[in-house]
């Protein structure tokens, strides 16, 4: 039985949030929390605020499970896992931001062009989109890695480039819908310069949501790609920790029944990517519900 | 000696005598979680349709006309949806009516308040209700909608969509026989080249043609009750007129019991035997069409009066007189006032008794048999003794 | 309907040809941007003497201008000559043929599993049936999309070998036929772990909810007609075919990792080895084949959608 209660007065902001469906609250809280955590951990690791030296080997406490001294245990040469996890964020954080920035910057540009002058740019954007969609990202990345070098910034730059058409398409579609809305027509009819209309009404109001969505999804993707690459042996190399190569290192122990070594970094990947996905989806839902 | 008591309470025979469909005290609410209030789309509606009669439900947008018929059809799925009421349906050839909302009390509890409280298990109610209604839809009840181009399925041909109804009604027919009957129905609604149209898709047809197809589809079910929700809205004026011609013809030949919903008084004039006027989720006037639609008839609700006088006459147009209007705005359905819903816009309050209008909402009673009105002008409050005003 | 499909196939075919041209151009540009002697891209310079290297250089037209080189390269390409693997010496086309169908089998089955999972979950959520199952499956989908597929592979192997004993302890090279677990486990891992599950589910759910709100569904309900019959084309066939075409690249990429984990002798593992060995001809061949597979997916999607939706013909 669901109970519906009528309130006597206008609901407060708190009551309005309480009216959100459960899944949206959980998603937003968890997602925002994870995103903040990742940023915090990254900054801490850069400032070298770590519980232990990530390279310090303690051969007396090898493959240890969590304890007071090592909150997440140690790896097969006694290095503290928590510290290594924290430093692992450096492998994807800045490159991920690069990827997201590139796709957003050029994507927005292309999207605006295609949205306001569809005659000239639609086919170009569409063709570019199809071209880049035809190639699996990992295949392309491996090709780049073989041809050039296994530099994570280069790789995520490539990823960013491959995401440009997707970002452009998102913005173009939004603009196409908005253009038909009467208030844009009215604004232009009233004499407002089109550029100002674009900037204020279109990009500022609607772009923010799209930027956030692209950023969250982009970071999630960056993490998965970086970890897959370092798992395959192409990204960050030992002894520098990356969540991907940490999982790979724990492989033999895993089959022997010592699951902890590979599971800790996998868990880190899961929580972070999950957080970004949930946040992105919650934002997308809100966007679709309000504007579309 | 003990008297034999009836096994279950009998329906109010006198009130809905001879009615094919009798809606009693129907309430359909929607909940707005962000505002913590109910949208009272249908707030205690009483309607009766006799066999072979055409009832036209008139009112502006938001008056609750569509939600009323959707509630009858069981097509309201949003929560909480239907919260109370009875819908008595007497199938043709039967003596006793059935309550289509049978079992609602098991799933919904409604306290009128204020504040209004609803407890409902909507999922289970819909599952329960659907089991019964699914059988009736397309057999006892048929419905046509506005925007016919969107209402027809874009991936199926006209022939497939009409045959589907026929085969459901008469499963013993073969596919070929069903198609043949479909073609006959298309011809009956004066669709040109019916044989060719069978293979056309809705996007090949114009709006008017699509509406004819919808009408054919609904009539092919041979329903006991036909419901038409704004059948002419969205069509060009000339097409509207032709569709109304068709509906008049169908009314004369098939004599199906019909409910038509419209905001267009012209449609009411052409099709109605009886008219019911709705405002803010309630019926405010109901009676024979010639009386309700006659601006000078003595019993009239101020809202109906306003609607009728808003339509300019030829003389008004010639003399370029100002259009008649009804002052004020339609009320917020989530914040309805106490007293008469129309009070703040009414210019015809009974002299000396205006306090009644703000204090208490009148019931839908009949000062004259067969014509009901919800207005203190024509009704006597229990506190007042003596004859009707 | 057949006429519509024929026209759509023709249209998509020409588009594929154009796109392929662009892909080859892009590849060629990429190849030539790489540092080092371009000859090294085609032959293993360490195994040949300098005059032999020069002969190859001349034969491939590498001493000529860029457009000429592209022409030579492209002409060899359309004749089916993708060069020879720098590692094994065998023709790349042969290697691709040998491994390609294994990956197609793996990826195709995995993709089917992904779409099935997403379809069931989206249907339950959109229709409001079995809310507990719906929420559970949705949550599971999110978790699966966040888990790294390689760890999921480890877990699956661990469970299959030690707990359920369906696989032998040593995962040797090759996939002996007959043992269904050898095939099923990687398919399940790739199908559920390729990272697109939650996105596909969400997409399908939103689409379904949109379709359920359409006027013609309301009419179908009012007719008492079968809801599924009116729903499945627009609600399932259309979005699933689009998703199939759009997500194949992700599944192919995931196959690289999964094949490495399970030692599955497919195109993915070939790619990984080729990247490690800097085997450029093989890598290029793989890229082109992948693009071809993706494009084929799009062509199938177009054909299906045109067959289902009569409005697309015009």
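Residue numbering begins at 1 within each chain, and the chains themselves are lettered A, B and C in the order written.
Here is the rule we go by: contacts are C-beta pairs under 8 Å (C-beta built on N, C-alpha and C of every residue); 3 or more make two chains touch, one makes a residue touch a chain.
Not measured: the values here are computed from a predicted model.
When chain pairs are compared by their number of contacting C-beta pairs, A-C comes first. The chain with its CA mean position farthest from that of subunit C is B. Taking the mean of the C-alpha atoms as each chain's centre, subunit A and subunit C sit 23 Å apart. If you average the CA atoms of subunit B and of subunit C, the two centres end up 54 Å from each other. Averaged C-alpha coordinates put the centre of subunit A at 52 Å from the centre of subunit B. Taken together, the subunit A residues at the contact with subunit C in this complex read 23, 127, 130-131, 133-140, 142-148, 220, 224, 227-228, 231-234, 243-244, 247-248, 251, 254-255, 257, 259, 262-263, 266, 269-274, 277-278, 281, 284, 288. Those residues of subunit C that touch subunit A in the shared complex are 15, 19, 22-23, 26, 30-31, 33-35, 135, 138, 142-143, 145-151, 154, 157-158, 161-162, 195, 198-199, 202, 206, 246, 249-250, 252-254, 256-257, 260, 271-272, 274-276, 278-280, 283-284, 286-287, 290-291, 294-295, 298. For subunit B in complex with subunit C, the touching residues are 73, 75, 123, 134-139, 141-143, 145, 147, 150-155, 164-165, 168, 201, 203, 214, 217, 221.
Against subunit B, in their complex, subunit C makes its touches with residues 128, 131, 214-216, 218-225, 230, 233-234, 308-311.
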